[in-house]
Amino acid sequence: MSITYLEAIREAQAKLLRDDDRVFIYGQDVGGNFGGAFKATKGLAKEFPGRVLNAPISEDAMVGTAIGAALQGMRPIVEMQFADFSSIALNQILNNAGTHYWRTNIPIPITVRLPSGGTKGSGPFHSQSMESLYAHYPGLVVMTPATVEDAYTMLIEAVAIDDPVVYCEHKYLYYHLKADRLPTEGLPIGKARIAREGRDLTIVTYSAMLHESLTVAEEFANEGLEIEVVDLRTVKPLDTDTVLASVARTGRLLCVGESFPWGGATAEVIARVTAEGFHLLDAAPARINAKDTPIPYHPNLWSAHRPSAKTIAEKARNLLRE
Amino acid sequence: MLQAAQRSEKKTKGKKTAPHERYLEAYRWMLQTRVFEDKLASLYRGGLITGGVYVGRGQEAISAACGMFLQKGDIFAPLIRDQAGRSAFGEPLIDVARTYLGSRQGPMRGRDGNIHRGKPGQGQLAMISHLGAMISVTVGVLLAKKFKGETGFVGLTTIGEGGMQSGATHEGMNIAAVEQVPLVLVATNNHYAYSTPNDREFACTDLVDRAKGYGFEGYTVDGTDLAACLDVIGGAVKRARAGRPPQLVVASVLRLAGHGEHDDASYITDEIKREPFAQDCLKCAEKVIVDLNLADAETLKKWRDEAAAEVENAVATAQKEAAPEAGEEDWCAISMRHLVDQIP
Amino acid sequence: MLQAAQRSEKKTKGKKTAPHERYLEAYRWMLQTRVFEDKLASLYRGGLITGGVYVGRGQEAISAACGMFLQKGDIFAPLIRDQAGRSAFGEPLIDVARTYLGSRQGPMRGRDGNIHRGKPGQGQLAMISHLGAMISVTVGVLLAKKFKGETGFVGLTTIGEGGMQSGATHEGMNIAAVEQVPLVLVATNNHYAYSTPNDREFACTDLVDRAKGYGFEGYTVDGTDLAACLDVIGGAVKRARAGRPPQLVVASVLRLAGHGEHDDASYITDEIKREPFAQDCLKCAEKVIVDLNLADAETLKKWRDEAAAEVENAVATAQKEAAPEAGEEDWCAISMRHLVDQIP
Amino acid sequence: MSITYLEAIREAQAKLLRDDDRVFIYGQDVGGNFGGAFKATKGLAKEFPGRVLNAPISEDAMVGTAIGAALQGMRPIVEMQFADFSSIALNQILNNAGTHYWRTNIPIPITVRLPSGGTKGSGPFHSQSMESLYAHYPGLVVMTPATVEDAYTMLIEAVAIDDPVVYCEHKYLYYHLKADRLPTEGLPIGKARIAREGRDLTIVTYSAMLHESLTVAEEFANEGLEIEVVDLRTVKPLDTDTVLASVARTGRLLCVGESFPWGGATAEVIARVTAEGFHLLDAAPARINAKDTPIPYHPNLWSAHRPSAKTIAEKARNLLRE
């Protein structure tokens, strides 16, 4: 048997609906026989009548509705059709869900699924990685699963968490990533994972960039250079300890993210490592992100806009030379 | 006799008189609110309240009516000018005093202030500032109740004519109708959004004309007339409870105060102050009570004194209470402690 | 005879027949669009287009009519299913082919694709995906023209029944009415938003009922009937141009394709396919032309051949053109070079 | 004569309206005799009839309208009543204004004014600093003036810039900051300013935190410790060169910002300095931001939530000890 990242997301939701009658799914086109723009809810409306509901094109109200339902004890999962459209719901996510516990002592257990990241030909409005907007504000847990196993267990955990979770699933991984089976358990939420051990350089990354980074690590291994790759799994909370421990072993840090370059997860990792582990560093920490322009449509441009094994390798090589 | 509501879209026959008891009860909430908010305003002027004070002067009738028909299990999501409704719904004055005065013991524990308060566990949602955002949240609560098989409940939420223009209001209203939840939306056109008059806010003849476009049932009411407010809002709540489509009630009044107590409202024109909707609903209700002899002068005075005493009591209590201290504060934006991000 | 539009809110007398020349011109835009979009779909199936292909099959009559009445100086802000209107407005086929095929010479230079194109300098705005966002942008253009003292212009923008539920649409419509700009909003109810049927989108009887609540004038039209489309949209454009309030036209059709060419649309029910609004507007127009003998068979064939040749030509040209290359790209999101952030 | 930060903003707008008939102002309550929630447009509607327009409570459409007007050659200034409400307009700002030049080659010269930052008693929804959300996305210039002079000249420059500008004006500075006169010229946009020279430590900051930082610098000067204070002025573009040059002089870096701690301007500065000036640093770079919770209403909590001279001094002292 083989299961994709996308199927894992579907299976997690099936399990959640099966095991917990507080769970329902709300989003555009998730219901009927259709099962969502990416089929992440395929078959679920039929299997769980009345619990997988099509929403109007009203992202603000979709999240508002979920917040209300959560207040009433439900565990809603909101599917954005593309992460990019969550800009319309951002106010409800940041200012309503994100502040509610602080204000009232009552947490809001909603999970907002954001089909994120680039695929070729998707252009400026269907390719965005928005984790850094959500992580910047207080009150949210922001997940960025990079593997089939994490896609599955972390989504289950997301719904179990009493606080609002922004779950960034990567569209490129939907079909490209396969596993043999679904795990029964994952690492605890908030723990980063050493995806590959190494001693010469630490790459800290998450989501689709994990795989580009692992490719680079394999390539370098042929030359006897061992890159340690840390998969953050959640960018908030961010597991500074695991990152620091890795940098302590390697002395070198490269952060890789697919989102825009100003601020965001890679800058945050560097700020933490340099604050707490300055003496551990043998060279200047580096980062690589997408370019500071909207995400281009054409594959030629798109593949140059985001980091790739090639550009990561280049940076890594420079870093190892220092 | 008590004047009945005017209904714009549907003409219904029904009782034209609210029961006197209900009228008097509502009046007492109005009165208490007026006394309380006058006190808050004076505390503000005296520099004893930090931030702003926002009162519902002139809107007490409509607001009281909003609270009067809600029962246990119902949801109330009030906004800025809803003290009377909040009180009628069951919010103790001490909660308000504590929130305004920043007492650690208030429902918001000094973390949020003034009108930004609620007890969601008891059905009173805590508004965020962004106007319109609470409508879909109310819909969500009602939807969840439906999921759980509860019946006979309603949710009532309020908005100003200004807030009606936000995208969130539109999306929330539409979803309410799609999901056919028992929502009552009471929109009070007090003719200004802060300093902005109606003609820079919307261009339809009457905001109640929005109802049909969502599949709501729409009604208008003279917000200066308590009996009409009770009649129309009572009717809307009843219909929502009975499973009719979501209800929109558009009330007409004039805001008889500044936007907040910092605002002298000098932009409010003399002309508009002479409009019938500019009457003070509290005085109108008092006149009805006196004219119809629903309560004697002594009773009225007793009520006023009682309100004053309650208000003084709440304020005095809250004023004695400790303010929150940064050192003792639990600086955690999420409830699950092991997931708190440890930012160096 | 050509069937006239049904108007829901206002009944007006007027010419019931569009002039034949106009009808035939519109038909030719429809035809060219159909041929072109069939070609795009087949390129997509052949793997020659990256991303998606979104066609207006079944909506060509309404879309063509949108483009037909706009003049130089007018503004057109089309959405996904508006090829016919774009062409009628003046967009050359080569722009479309270049955008779909990612040619560096296209108006979007490979930076954006498919329907996300425009030439704002020539009055055709370039849509962003977020539905409803272009309405207020169109209002802004019109407002600026007003500021500058221009007269006699209009702006026309389109939306689906799904996009009507977005907050941006609400805010944009309301602002149009507040500012009294000459806007025509053509909302096409093709009975689905992607896979979602009307009953999960809105709950009013007819979306034209929204008009009154904004202070728009509202009309409905049978989108399968080209003459009606020309009549109603022509009328709306005329009224807007003459200074009447903003106009809402709600057209009824069925989307006769998938949401995009990747979508087999198997969720579209057989029942709805039997509805009168499910007819193919192109076939209906052809039948009118044949029945009324507006053009002979030979002419029709000639038009079809001409359309095919134009389409082949545009596609062949674009296919020969160079793709953008990353190394030659100017990676700058802002125009003022000295202000570009140099991020290490 | 003495002029406040707020008056400077008003004067800049008066000048803009006077000198350039493409300019108009659009926002809630900016018109009539009222002149805005903070009076930043006081009197302008009367002086410039038809050019200072009240908007409905429709932030998305306010910015959309401005974009359209800009396309038609106007230079709109949009006033948000509070920065916090720009969350409703974020989609138009990021996805429409921010992408337009890249997509179409036509820039969108709008200026969005955000009354930003905390004042006591304002609470979670009237106190936010949102520069980091806007700077993260491509296509925008993000200004954060800290002085009366900059408030004035930078607003004039903002309107002159052909690209969209998010102009973050700090509400605390409105009345607290005074200057003797308005300048005729300012530093070029994109240049940071050495607000105070020093040799022992560089504090990089912007907006209201400049003044807290300067207070600390004065205090330390009494002890013979000289702090150099860099006022970024714009967080995007961010003047890395000036910051690096300062760090080259001092060897120590502390970044101070009022917004939330995850990601954002302070992390970005650290990532840049460590990438390009790692060898310049004698100690681990540090940062101080607001706490990671919504902004509290009560003054006791509020003043502990944001950085203050006291907490900055503490951090600075630690850093100087290293």
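Note that the chains take the letters A, B, C and D in the order they are written out, and that residue 1 is the start of every chain.
The rule is simple: a contact is a pair of C-beta atoms (placed from the backbone, for glycine too) under 8 Å apart; a residue touches a chain by one contact, two chains touch by 3 or more.
Being a predicted model, the structure only gives us computed values, none of them experimental.
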{"item": "Each chain counted as touching chain A and chain C at once", "value": "B, D"}
{"item": "Intersection of contact partners for chain A and chain D", "value": "B, C"}
{"item": "Centroid-based (C-alpha) most distant chain relative to chain D", "value": "C"}
{"item": "Mean-CA-position distance for chain C and chain B (Å)", "value": "43"}
{"item": "CA centroid of chain B to CA centroid of chain D, Å", "value": "36"}
{"item": "Chain C and chain D, separation of their C-alpha mean positions in angstrom", "value": "41"}
{"item": "Chain A: positions in contact with at least two other chains", "value": "55-56, 58-61, 84, 87-88, 91, 95, 98-99, 102-103, 124-125, 138-139, 236, 238, 262, 275-276, 291-294"}
{"item": "Junction residues of chain C - those touching two or more other chains", "value": "108, 111-112, 116, 128-130, 165-168, 171, 174, 178, 200-202, 332-333, 341, 343"}
{"item": "Pairwise touch network: line, ring, star, complete, or other", "value": "complete"}
{"item": "Touching residues (chain side chain C, partner chain B) in the complex", "value": "165-171, 174, 177-178, 180, 199-205, 207, 209-215, 245"}
{"item": "Of chain C, residues touching chain D in the complex", "value": "107-109, 111-112, 116, 118-121, 125-126, 128-130, 133-145, 147-148, 167-168, 171-172, 174-175, 178-179, 332-336, 338-344"}
{"item": "Chain A partner contacts - residues on chain D that touch it in the complex", "value": "84, 87-88, 90-91, 94-95, 98-99, 102-103, 124-125, 132-133, 135-139, 236, 238, 259-260, 262-268, 270-271, 274-276, 278-279, 281, 283-287, 291-294"}
{"item": "Chain A to chain C touching residues, read off their complex", "value": "28-29, 31-34, 37, 53-61, 81-82, 84-85, 87-88, 120-126, 261-262, 291-294, 296-301, 303-305"}
{"item": "Chain C residues touching chain A - in the complex, by the definition given at the top", "value": "50-52, 102, 108, 110-114, 116, 128-132, 162-163, 165-168, 193-196, 200-202, 266-267, 323-327, 329, 331-333, 341, 343"}
